Amino acid sequence: MVTLGFNRYGKAEVRVVRVSRGTGPDGSDEIRDWNVSSSLSGDLAGSHLTGDNSHVLPTDTQKNTDYAFAKRLGAVEPEVYALALGRHFVQTQEPITRARMSVEEFGWRRLSGPHSFARDAGSVRTTTVIVDRELGTSIVSGIKDLTVLNTTNSEFWGFPRDEYTTMAETRDRMLATQVSAQWRFRPETAGEDTDFAAVYAQATEALLAAFAQTYSYSLQQSLYAMGERILADVPALCEVRLALPNKHHFLVDLQPFGLTNDNEVYYAADRPYGLIEGRVLADDAPDEGIAFS
Amino acid sequence: MVTLGFNRYGKAEVRVVRVSRGTGPDGSDEIRDWNVSSSLSGDLAGSHLTGDNSHVLPTDTQKNTDYAFAKRLGAVEPEVYALALGRHFVQTQEPITRARMSVEEFGWRRLSGPHSFARDAGSVRTTTVIVDRELGTSIVSGIKDLTVLNTTNSEFWGFPRDEYTTMAETRDRMLATQVSAQWRFRPETAGEDTDFAAVYAQATEALLAAFAQTYSYSLQQSLYAMGERILADVPALCEVRLALPNKHHFLVDLQPFGLTNDNEVYYAADRPYGLIEGRVLADDAPDEGIAFS
Amino acid sequence: MVTLGFNRYGKAEVRVVRVSRGTGPDGSDEIRDWNVSSSLSGDLAGSHLTGDNSHVLPTDTQKNTDYAFAKRLGAVEPEVYALALGRHFVQTQEPITRARMSVEEFGWRRLSGPHSFARDAGSVRTTTVIVDRELGTSIVSGIKDLTVLNTTNSEFWGFPRDEYTTMAETRDRMLATQVSAQWRFRPETAGEDTDFAAVYAQATEALLAAFAQTYSYSLQQSLYAMGERILADVPALCEVRLALPNKHHFLVDLQPFGLTNDNEVYYAADRPYGLIEGRVLADDAPDEGIAFS
Amino acid sequence: MVTLGFNRYGKAEVRVVRVSRGTGPDGSDEIRDWNVSSSLSGDLAGSHLTGDNSHVLPTDTQKNTDYAFAKRLGAVEPEVYALALGRHFVQTQEPITRARMSVEEFGWRRLSGPHSFARDAGSVRTTTVIVDRELGTSIVSGIKDLTVLNTTNSEFWGFPRDEYTTMAETRDRMLATQVSAQWRFRPETAGEDTDFAAVYAQATEALLAAFAQTYSYSLQQSLYAMGERILADVPALCEVRLALPNKHHFLVDLQPFGLTNDNEVYYAADRPYGLIEGRVLADDAPDEGIAFS
């Protein structure tokens, strides 16, 4: 005998572009470029067990709703948009007790003229909002695909050596990583009144500053420094989770060619890569609850 | 004040190819093609807080160990390989209390002759083995990137309609998905004595049969049927988790061109897509514990 | 002063899935899964210079035409489909003097039951048909994303050594490549009467056999052997072009761990890779003309 | 009987990162991040026909040479680097008569501090240098992966309508594309004395300005305007080739939900897409010769 466990369903990767005409600086246009995913859960056993879809708001409808709300709300912060959608699904669909909305926001920078933009592909802003009828609302925002590099000020030594260890210690290495960071909002800041644009700007700036200014003895140390700085600078947040691939840059051995290599020429490797994952929490952070589910 | 939460680190995507010479049918070679990731956790606060790496077995060493064990063990099942590595790290590194080993296995089919192969890219076999010094061992295996399609025997109707619903009901649609399935082994089968090759073959066959034979009123129903069939056919397993993107194939409207379209011509859409996720459990499945962490 | 040079435009990557119901073995369905791109050229200066679009059949119309022809023609060979479309555009649009149709065909294998399929992702069949009102018709078909591997029977030595050469000679290496092959049809076979399915099967089989059976002193030698075999086995063809990345599999040095590595454990590298490109022609091959333009 | 046609071989995607310490503004570091591919051709029949590799400088040696030259030359413009490598291979390898060097350059922007950078992923700078012992030297540089968008000032109408045309004319649409541009240097500017950094900056600026300032009746018209402006602004160039996918942004129909959509809410489509390709030449441009081979 088998039983149905946790399940959810939704429409993934709805590409919504919202233009707000003339509302930007000097009457220029504003643009929001989003990749939106919804995921609903609740009383959905019928659909799984007998094909009874009476509780299954179609994913096509979820897509339509994403577009209609983009019209209604305007070019708002992605957290505000996700909050409204999450509440809508839970409030209007009796069998749906939880909605999870994820938004990736792609940046654009202005070109000359009020209507022209170029994609700013250096990073992606993210948010995941979960609205649960009983357990409340959580917001986790962040940034991903942000690649950063220090040409020096990184060492790695003092590690244990076993029979499989061949790597030499180093007192000066290049350190590069592609940051994925998620920051959890305190429950009292998980609403429309929070200045999400400011939080995003401050958290990103804190992260970059911590990376650049940390003299690092391990990528773990840099990770902790980033999380610590974000929490110090942004009171609305109570936890930061980071995943940092160590994008290895190996010094090329130029000796066979009669050349020195005084930390000048590197091979940027693809795979394998180190992968450092860690969480940093404020001492008074409440339990994560549904935030990362 | 901030504090360090759960963390782990390791070497991701180590590409190991293991050839076993002459041990295949008629003296042919055998080949295992793996993408291996290790992740260690335990007493690693020093590395994060002060840059003390005395507990940090280098990820480069983890990579070396992956290769050395491939030599020692031979072209074994990926679960056996991952188990041995996981135990090694926990047993030899005092500060490391948990090791998580993930292996993706890429298939190859034989060409004529004993030494020649072609990549069989229709799916990827996966396993994740977690060895915890206190909490024991878990094995979750599965398959991904397996795209399947039914040209008929799928309906979708009876769903709720709200103000944003425009989709028509359908009594005959194409159903296609790219299967990601993970099956959890019962604790007593999470060891080297299990016939992992047989489990993989049986579970995959059950999954395909259930997909092909289910007259489906929703992709959720197909999902449940797949999980149910796997658990019915493979006693070593106690849970199946599935993630099924609904790879929409929309009928093209040919009426403007004076043509009928009697379920013949489809547009295969990329984005957005429905995403159906669900878990099916044996009634006597033990708690998941660390299995999916 | 500047001038407009060669130009073309069209609709790329139209995803057409054509089901033919009950026409397969034992009354099963047949399926064609295509990625179709059209590109038109001719008298299009107006569109570039003054925005006069009177000669520009919309790319949206090209897409519609792709679908309508899939309906009309049925689940035919991709070359037949591309030929019909190419002729249509040139014959019906006076300013369009040349049409270039490219089709990628994705394979599916049958599951149990008449309606069920699984994606066979081991390779992609390709064709490019060019119809020029004055210069006639050319057909170039082929295969891509076909990864093959020999565990032995490959050497590489006798190469020149300069001051930058550090690589050792090898008398036994693994040889792997991801084949991209294009074969040009003789002009007299570039029409609907050709058995394109047979050509595809024969050419692919010849290619695989040549790869498996060639004792290779360089990937260049394997390349030539593949082209030669295809031309020998398939009289309809007059030229083969191959691009073969050398997917390096490096032996891992296990000596530091007290282990031998008798061609057993390899590291599969991503980048960089050798890239071998070459053309093999029948002695009586006519000039390529527009075939590869 | 078959014969060997044109062929070439080399090492593709060598990832070279060159740091120049303290040579940047205020004593900061400079960085060049390159993906380098070499391709050699000449008297290579032996390798194909008999496996005689005496003319085949190993691709591994080519890789080593890439690194050694990065050391020797420093953080120079990619064209200068490619020129030096191309000449080296042709001058030192008697059987090699032509070398083709391609470099992709990835941008980095400075963070605070002299050693810290973030990847600027909005576009990739490219160059392809071909050095032929008899035919001379050509340089084609460019930019790719540069996504730009105008929220208005684009129309599309006046196109021919046939039986497959369903698209409505539009007097106001969003226009977006991902630019791939290649500009050919005049022969007399294809040497180290050219200010390649200035050409890149001027050509990119011209391209962006032309896109933003062109009131467009077709993407073809925008293409021509970009090429024309580049040639007008950068005398060192004689030809521009552009490939512009029309990244369709479709207005979402919100009428079913009682909402207007006054060019505010768009669906950003992936596939299919229009693809516009064209060349713009200076009236006195010499024949392209080997430049794009």
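Going in written order, the chains are labelled A, B, C and D, and every chain counts its residues from 1.
The criterion applied here is as follows: a residue touches a chain if its C-beta (ideal position, glycine included) is under 8 Å from a C-beta of that chain, and two chains touch if they have at least 3 such contacts.
Note that the structure is a prediction, hence the values are computed from the model and not measured.
When the C-beta contacts at A-B and at A-C are tallied, the pair with the greater total is A-B. Taking each chain's centre as the mean of its C-alpha atoms, subunit B lies 31 Å from subunit C. Subunit A and subunit B have Cα centroids lying 24 Å from one another.
Subunit A and subunit C have Cα centroids lying 38 Å from one another. Under the contact definition stated at the top, the residues of subunit B that touch 2 or more other chains are 15, 64, 68, 164, 166, 256-257, 270-271. The touch graph of the protein chains shown is complete. Listed in rising order, the residues of subunit A touching subunit D in the complex are 15-21, 29, 31, 33, 64, 67-68, 70-72, 108-109, 111-113, 115-122, 145-153, 174, 208-209, 211-213, 249, 252, 254, 256-257, 259-270. Within the complex formed with subunit C, the subunit D residues making contact are 1-15, 37, 39, 44, 47-61, 63-65, 68, 92-93, 155-162, 164-167, 216-218, 220-221, 223-224, 227-228, 231-232, 239, 245-246, 271-283.
The residues of subunit A lying in touch with subunit C in their complex are 163-164, 166, 256-258, 270-271.
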